[in-house]
Each structure stands twice: as C-alpha cells, then as structure tokens.
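Both complexes below contain chain A, partnered by chain B and then by chain C.
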Partner chain A sequence: MIYFDNAATTLHKPPQVIEAVTKAMTTMGNCGRGAHPSSRRAAGAVYEARQKLARFFSCSREDHVVFTANATHSLNLAICGLFSPGDHVITTVAEHNSVLRPLYRLEGQIGLQTDYIPTDAKGVLQLSKLEEFLRPNTKAVICTHMSNVTGNITDLETVSAFTKKHGLLLVVDGSQSAGYLPISMKEMAIDILCVTGHKGLLGPQGTGCLLLREGISLRPLTVGGSGVQSYLKEQPPKLPEALEAGTLNTHGIAGLSAAMDYLEEMGLEVIKEKEDALTRYFYENIRHIDGIRIHGDPEGSHGPIVALNLPNMDSATLADCLAEDYGIATRPGAHCAPLMHKALGTDTQGLVRFSFSHFNTCEEVDLAVTALKELRQQD
Partner chain B sequence: MRRKELCILLTFSTTTEAMAMEAHASAHGLPGRLIPVPTVIHAGCGVCWKAPIAEKPRILAAMEKEQLPYEGFFELVI
Partner chain C sequence: MIYFDNAATTLHKPPQVIEAVTKAMTTMGNCGRGAHPSSRRAAGAVYEARQKLARFFSCSREDHVVFTANATHSLNLAICGLFSPGDHVITTVAEHNSVLRPLYRLEGQIGLQTDYIPTDAKGVLQLSKLEEFLRPNTKAVICTHMSNVTGNITDLETVSAFTKKHGLLLVVDGSQSAGYLPISMKEMAIDILCVTGHKGLLGPQGTGCLLLREGISLRPLTVGGSGVQSYLKEQPPKLPEALEAGTLNTHGIAGLSAAMDYLEEMGLEVIKEKEDALTRYFYENIRHIDGIRIHGDPEGSHGPIVALNLPNMDSATLADCLAEDYGIATRPGAHCAPLMHKALGTDTQGLVRFSFSHFNTCEEVDLAVTALKELRQQD
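Here is the complex of A and B:
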C-alpha cells in the first residue's frame, strides 16, 4: 500500500519508537504511583519526555507540559478550562471539529460568544478582519497553525501581533504543523499550544500534549487519581498533575519521547524539505489534468497536503478507486472541518486529501499521478 | 533486623518535581534516592528524596543554588 494519509496519522514510524514502546510495556510500572524501580522508571521516562517537548516547542517550564490522549483532548482542556459566561472568542472557519464542537457546546452552555475569521476562495484566512471582530469582552484567539483540509499555513506572526496588541490569549492548534514547521511558544507568543503525538511528531496514537505559558490557569476537565495530595478533595492545584487525572499513557509517551529524539536527530528543516519536494512534485504533475480542481493555495504558504477533486466524481468514490484499484490510501469526505468545506464549496462533493510524509518517495507519487490520470480518462 | 538511621527527607508537591530532583542528583552526583514517603510525614507526592544526614548541607545548598522546588524538609530516623 502507498500511504498518503499522513495528515490523519503517520503510518510509518521510526523503528526506535516501536522499540521504545515495547521496552516500556515490558519494564515500566505506573508513573507517580510508587517508589519501586519500575514506577520510578516510568516517572523518569515521562519526565524526560516533558523535558524534550518543552525544549522542542520552547515552552518555558517542563512542568507546564501536560500529557493528553490527543489534540482533541488538549483543545477540550484548553477551551473548556479557559472561558466563562460573557467571554468572546475569535476563531476561524479553518478549524477542525476538535475546536468547533467544544466552542459550540460552550455557546449553548454558558453563552460563549464566537466569531469566525473567513477565508478567500483559496481557503486562505482573511486575517485583516481580525480587528473587525474585536470586542471589549474578547478573551482569546483560537486558530489552527495549518488547515487539515487544504494544508494552508496560518500566518501566526500576524495573529500573534494582534493578540499581543490587545492583551488576548493565543491558543494554537498545532495538530498538522508539529513535526513539520518549527513552533516556538516563546517567539510566537503562544499562550496555549495543543498538539497530538501521532501525526508529524511520529509517536504512537493516544499521545498528545497541551503546553502552557507560565501564568495561565485552566480549570481541569477531569479530576481523579493524581498520585499526589491524595487526601485533598479537589484536584491538586500544581501543574502538571492539576490537569492530568488518571494513569498516564506511559507506554505511548515513551514512544513519543523516542520520536522526539528522531526528530531532533533528523532536523525539522530536512523533514520539511523532503515533504515540500514531494508535495511540489505531485502538484506540478497533476495540476494540468483536465478538469481537476485543486483546493487551497499550494503555491502560497502551504504544508505537505494536496486537496483535490476530479469533475463529476464523488470524493468517496475517487478515494475508493485509488485504494481498491491502485493501493493508494487517501482521505475523502469532510475531514471533520465543516466550515472549511463550506468555504471551499465542497460540502456536497467532499474532497480527496493527499498528505505526505518524508518516508514517502517520488516513485510512489508517480504512481498516484498515473492513477489520477487514468481515473480521469475513465470518467 | 534492618538498622535505622537518621537521614534527611525532601518531599515534593508533584511527581514532576521529584523527577527533576532525581535527574539533577543523577547528573551532579548528589547522594540519595527516591523512596515512598513514610506515613509519619504528610506530603503531596508519594515519593521523597532520602539522603544520609551527613549530606544535609550539600543537598540543601544544591536545592537553593539550582532553585529546585520541594515541599518540605525533614530529619527522621528510618
């Protein structure tokens, strides 16, 4: 199988990630739940992973790296823990349902007020409209760093300048960009960064984290076992335990930690260069196919995603033909991003997303190009 | 029968603080190890750093110099 669904999850993981998970599953006890060697080994592995993630994203404190199950979990923690009745938030139509649904729920539950930055025809966010949406009760801007539908990259510099100017919090969904673009919480003035471990970071599924700037306080989403302050009726107030109720996914975190080593060793610039080259090669070879519609702005600021449709063909049918007839895995449909599809006018047809990893090859891309050309001729 | 000795114990509020202590001690050759918190002590985190009493000045100096967070300091015969 040729795997071009890396924006959903990366299938090809570095071998050291798999080895680290296996080692953890055979040697590690429960982190923070004892002082015997297997528990300490687990706590050490988790601590080391916190250090690596803090360093990787320039988070000022390792104890402000909170482990979660995925980016959706991180975003729910951030959104549900941050807002109170009467607050207003600015977000964008490029957001995934992991942002939209918690916001919709708070709109109903506490009357949260929300505005959505629109896009142009290429799906590029119209950030010049940020000022138009500002209200006296605006508390935060929540935005994705890269659209999971089009691959368009958000100009975080502009968003960050806006949030700094008006004293707003900046919450960034780094699900698609982490492991592809460098992200510095310090330089980009990000207050809360939400990432998942199983996409560009190349870790196991079931891992993710939320990184907080010092001074940000969130209400916990879940409360329960923490391994510390057991006689308190409330969740212990100190980070990271304040936001980490229950046993951590230490086995997965050990794998993520090994993946961080791989990324450091490989270098993001090398990964980005390889993925950009594959994306460009694919785009250049398909863009002249008669009738093909390519969404997003592949010639602008753009990540390793190409979103497309063939005329008169449902996106699910196209993806199924690619999988069944050519062994090529892609993702059709709505991609959990309804507002982006409405903005692109693809809410009926959906679109087919090709997303690349640096483990992919030009030969694989050639086969996908041939497949699209043949399928177009058969139509 | 196991011999009891006077030792110092440093307690922590979070597991992360305890692990920061262990990492620092390991990197700088500070004596001691993490043990379960004795029941006579009330501490947030379930593990504490135990070191010989003779190492008290060195340990406390390192905690202060490196700004390593800890919750409490005890001297105990265990």
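Here is the complex of A and C:
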C-alpha cells in the first residue's frame, strides 16, 4: 500500500520510536507514583520528554509542557480552561472541529462571543480583517498553523503582531504543522500551543501535549490523582500536575520522546525539503489533468497536502478507486473542518486529500499521478 | 527488582500485548478517518477491542464501550456528564481522588450535594448506612469496587440492591478490581463502569474505558473531531463517537485487546487464585512481626493488596529501605485517597502498600518477609 494519509496519522514511525515503546512497556512503572527504580525510570523518561518538547517548541519551561491524549484533548483543555462569560474570541473558518465544537459549546454555555476570519477562494485566511473583528472584550485569537484540509499555512507572524499589539492571547493549533514547520513559542509569541504526537511528530497514537507560556493559567478539564498533595480538595495548582490528572501514558510518551530525537537528528529543514519536493512534484504532474480541481493554494505558503477533486465524481468514490485499484491510501469526504469546506464549496462533494511524509518516494507519487490520469479518462 | 507495586501499574505485561502494540504501530492508520486498508485495520481492531471489553464486563452493547486515556478520564467523564444542579450523590470515604476531586468541584460549581459512607476501623465500608443517606434528590451511588489503599472489596451486591430498590444509578470505579474480580454490569446492575487498561487488565498505559448501560446518557467532556457528521455543530449524539472526540489511541487499544485475550485464556479464577495465594502467604508470614500494623481487612473480603506500617518509621523511609537494600518496589505515602487515610489514621505516617500480580512468585514474597523482619529488628 502507498500511504498518502499522513495528515490523519503518520503510518511510518522511525524504528527507535517502536523500540522505545517496547522498552517502556517492559521496564517502566507508574510515573510520579512511587520512588522505586521502575517508577523513577518512568518519571525520568517523562521529564526528558518534557525537556525535549520544550526545547523543540522554544517553550520557556519544561514543567509547562502538559501531556494529553491527543490534540483534541489539548484544545479542549485550552478552550474550556481559558474563557469566562463575556469574553470574545477571534478564530478562523480554517479550524478543525476540535476548535469549533468547544467554541460552539461555550457559546451556548457561557455566552462566549466568537468571530471567524474568512478565506479567499483559495482557502487562504484573510488576516487583514483581524482588526475589524477586534472588540473591547476580545481575549484571544485561536488559529490553526496549517489547514488540515488544504495544507495552506497561516501567516502566524501577522497574527502574532496583532495579538501582541492588542495584548491578546495567541492559541495555536499546531496539529498539522508540528514536525514539518519550525514553531517557536518565543519568537512567534504563542501563549498556548496544542499539538498531537502521532502526526508529523512521528510518535505513537494516544500522545499529545499542550505547551503554556509562563504566567498563563488554565482551569483543569479533568481532576483526580496527582501523586502529590493528595489531601488538597482541589487539583494541586503547580504545573504540570495541575493539568495532568491520572496516570500518564508513559509508554506512549517514551515513544514520542524517541521521535523527538529522530526529528532533532534529521532536522526539520531536511524533512520539510523532502516533503515539499514530493508535494511540488505531485502538484506539477497533476495540475493539468483535464477538469481537475485543486483546492487551497499550493503555489503559496503551503504544506505537504494536496486536496483535489475530479469532476463528476464523489470524493469517496475517487478515494475508493485509488485504494482498491491502485493500493493508494488517501482521505476523502469532509475533514472535520466544516467551515473550510463551505468556503471551498466542497461541502457536498467532499475532497480527496493526499498528504505526504518524508518517508514517501517519487516513485509512489508517480503511481498516484498515473492513477489520477487513468481515473479521469474513465470518468 | 521485585515488583510489588502492581496496584499502581502492572509492570509485567503478557508478551502478546507488546507484540500487538508493535504491530499496530507499523500497520494501523487512523481509526474511523478514512476507508483505506490501514484505516480499516485500525477501525477493525478498535471494534474488536470493544466487543471483547463488552463481553468481559457483560455490557449489553459494544458501542457503549467508550475508550478513554485512563480511569481518571473515565470517572471525570461519568461524574461531570451525569449530574445537574440540585442532584445528590452518595459515595464513600474509600474513593480515590479521581472520584473525590470531580465531586468536590461539582459541589462548588453546581451545588452538587454529596454524602460519604464511612468505614469501620478496618477500613470496611459501613454499607448498612446507605439507607440513612438517601434523599429525595439522590441520583446515584458512586463507589469503588476495591480500595486502592487497603485492598478491601466493596460488597457490590448490597450496593446494587440499594440502587435498584430506589431507582438510583450505580457508578462503579473498577480501577483496582478489573482483571482480578469478575465484574458483570448485567448481574450487578451497574449503570456506568469505569476502568483503566494498565493495571489488572494488563494493557498499556494511556488506555482506559467507560462502559455504559443502554439508555444512560452522558454529556461529553471533550468535543471535536468525530469522523462522522462533521457538519453538526455539536458532537454527534451516537455512541461511542458522542464521547470519543479526537484520534483514539489505537496503538494502546490494540495492546489492551491482546491483553483481554490473555485474560480470557488464563481465566480470572486462575489469576485470582494465584494472587490470593501470594497475598495470604505474605500476610500470614508478616502478621506476627512485633508491632507491625496491617491496615484493612485481609481476613475479610480482600484483594491482592497488603497495606502496612512498622512502628516509628515513616512509610517513605520503609519503602526506600525496601527498594534500596532489598530491591523491592512498593508504594509508600498517601495513595490519592485522603478520606481513607483519615479513616485509618495514617494521614501523617502514610502506609506502605504491597500489591501483587500473578506473575509474582512465593520466592519473591519470602524475600519481602525477610526484609520486613530485618528492618523491624533494626528499627
């Protein structure tokens, strides 16, 4: 199988990630729940992973790296923990349901006020409108770093300049960009960064994290065992325990930690160059297929995703043909980002997303190009 | 190292669990996010795991098995999703902070009314008092199946008779009992069962689940991507998606699924018999140590835990000596169950918990007995 669904989850993990998980499953006790060697080993591994993630994303404190189960958990924690009645937030139509649905829920529950930055016809966010949406009660901007539908990259410098100028918080969903684009919380003045471990970071499923700038306080989403200050009725206020109730996924975190080593050794610039080359190669070879519609702005600031439709063919049918006749894995349909589909006019047809990893090859891309050309002729 | 901290997490996982995780990490895409083989493989593995868990716990529907990150997540989901202002709940002083802290929070947030069943001097719950605590607005009883501090087993039949008689919901924390005691949601009339995957169920960390009786409805704790009905503003109402926003830990779930096979093949009665034999053997050999204080009721209905203190020695000191001088891993201090420690009078000294797995041996227990005797003499 040729796997072009890396934006859903990367299938090819570096061997050291798998080895680290295996080793953790045979040697690690419960992190922070005892002082014997296997418990200390777990605690040490988790601490190392925090250090690596803090360094990777230029987060000023490793104890402000909070482990979660996935980006959805991170985003719910950020959004539910941040806002109070009367707050206004600016977000975008490029957001995933893991941002939209928590916001919709708070609209109903606490009367949160929300505005959505629109896109142009290519799905590019119209950030020039940021100022128009500013209100006296605006508390934060929440935006994705890269659209999971189109691969369009958000110009975070512009957003960051806006949030700094007006003293707003900047919450970034780095689910699609982490492990592909460099993200510096310090340079980009990001207050809360939410990422998942199992996509570009190449770690196991069941891992994610939320990184906080020092001084930002969040109400916890879950409360419970903390391993420290057991007699407090509330979750202990100190990070990371404040936001990490219950037993951590040490086995998964050990894998993510090994993945961070791989990324550091390989270097993001090498990974990005490889993925960009594959994406460009694919795009250049399919863009002239008669009637093909390519969504997003692949000639602009764009990640390793190409979203497309063939005319007169439902996206699910196209993806099924690719999978069954050519052994090519893509993702069709709606991609949990309903406002983006509406903006692109693909809310009925859906779209087929090709998403690349640096483990993919030009030969695999060649096969996909041939497949699309043949399917178009049969259409 | 001799590992007697199995109530914190089981360190020895069956080899097939590790193999299943490894295989999942090399073959499985994102469950429910596409229709290509690696995504379908993930979806199939998750569905199989639901079936096994439903069968294991006699839950009537496999789609009412909801995967979570751990028991804390399950319990927060149950407690935050169930209660409304004006409700009253009966719980116990044997509960873990993963029950207590969510309840305390709701007391403050929505005025939830809570009563706590006390224990006798051996930490045994005084269930005869259940009727005294009943109010017209009592909605549920939440109780642990086995104390994580003492190993005392809750007489669920009595609790269940009470909840059935008065039409209350029964929420059970099976964190410590699952994989040791049989739990039948059907026979015990359990409405919501919360378990973790990484203790007696022998699965990986980062896995847990909540099992719901048909007809019980919970508000979701997190909302976001669902893979289906992307255009709904709310989380889709159908289980399990209703309570499972975001990418599942398919890698961990595959491991848990393999662990369920192991448990089925081995049989709980065999596991229980082995663990009971080790626990009894340990207890019988230490109970006459001069001045030793054994907490809980090891001669009553009791699981594979022995909680103890030596006189004049802080529990942390004792556990450190056991670890450093004898290579024996136990857990000292407070065990995230503050009300139980107050009931036992161990809130200052803490206590040392020995918790056994069927992978432990009599020879290991012999060493622990010798260690305790020697440490007592030095005391």
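Remarks
To be clear about the criterion, the second predicted complex is superposed on the first by the 379 of 379 C-alpha atoms of A that agree within 3 Å, B and C clash if a C-alpha of one lies under 4 Å from a C-alpha of the other, contacts with A are read in each partner's own complex, and residues count from 1 in each chain.
As a convention for this text, contacts are C-beta pairs under 8 Å (C-beta built on N, C-alpha and C of every residue); 3 or more make two chains touch, one makes a residue touch a chain.
What you see is a predicted model, and the numbers here were worked out from it, not measured in a lab.
In the superposition on chain A, A:Pro236 makes contact with chain B only, not with chain C. In the superposed pair of complexes, A:His166 makes contact with neither chain B nor chain C.
By the touch criterion defined above, A:Tyr3 reaches chain C but does not reach chain B.
Contacts of A:Gly225 after superposition: chain C is touched, whereas chain B is not reached. When both complexes are overlaid on chain A, the residue A:Tyr47 reaches chain B alone and has no touch with chain C.
In the superposed model, A:Arg101 lies in contact with chain C only, and not with chain B.
Greater residue coverage of chain A by touch, when chain B is weighed against chain C, goes to C. Legend: residue contacts after superposition of the two complexes on their common chain; A:Ala334 is shown touching chain C, with no touch to chain B. When the shared chain is aligned, no partner comes close enough to touch A:Lys129: not chain B, not chain C.
Shared-chain residue A:Gly34: touches chain B and chain C both.
Comparing which residues of chain A touch chain B with which touch chain C, the overlap comprises 33-35, 227, 230.
Residues 12-20, 22-23, 34-36, 44-47 of chain B are the ones that touch chain A when the two sit in their complex. Across the interface of their complex, chain A is touched by residues 1, 3, 5, 8-9, 11, 13, 17-18, 21-22, 25-30, 33-39, 68-73, 75-76, 96-102, 104-105, 196, 198, 204-207, 221-227, 230-231, 233-235, 245-252, 255, 316, 319-320, 323, 328-338, 341, 347 of chain C. Within the complex formed with chain B, the residues of chain A that make contact are 31-35, 40, 43-44, 46-48, 50-51, 62-63, 227-230, 236, 238-241.
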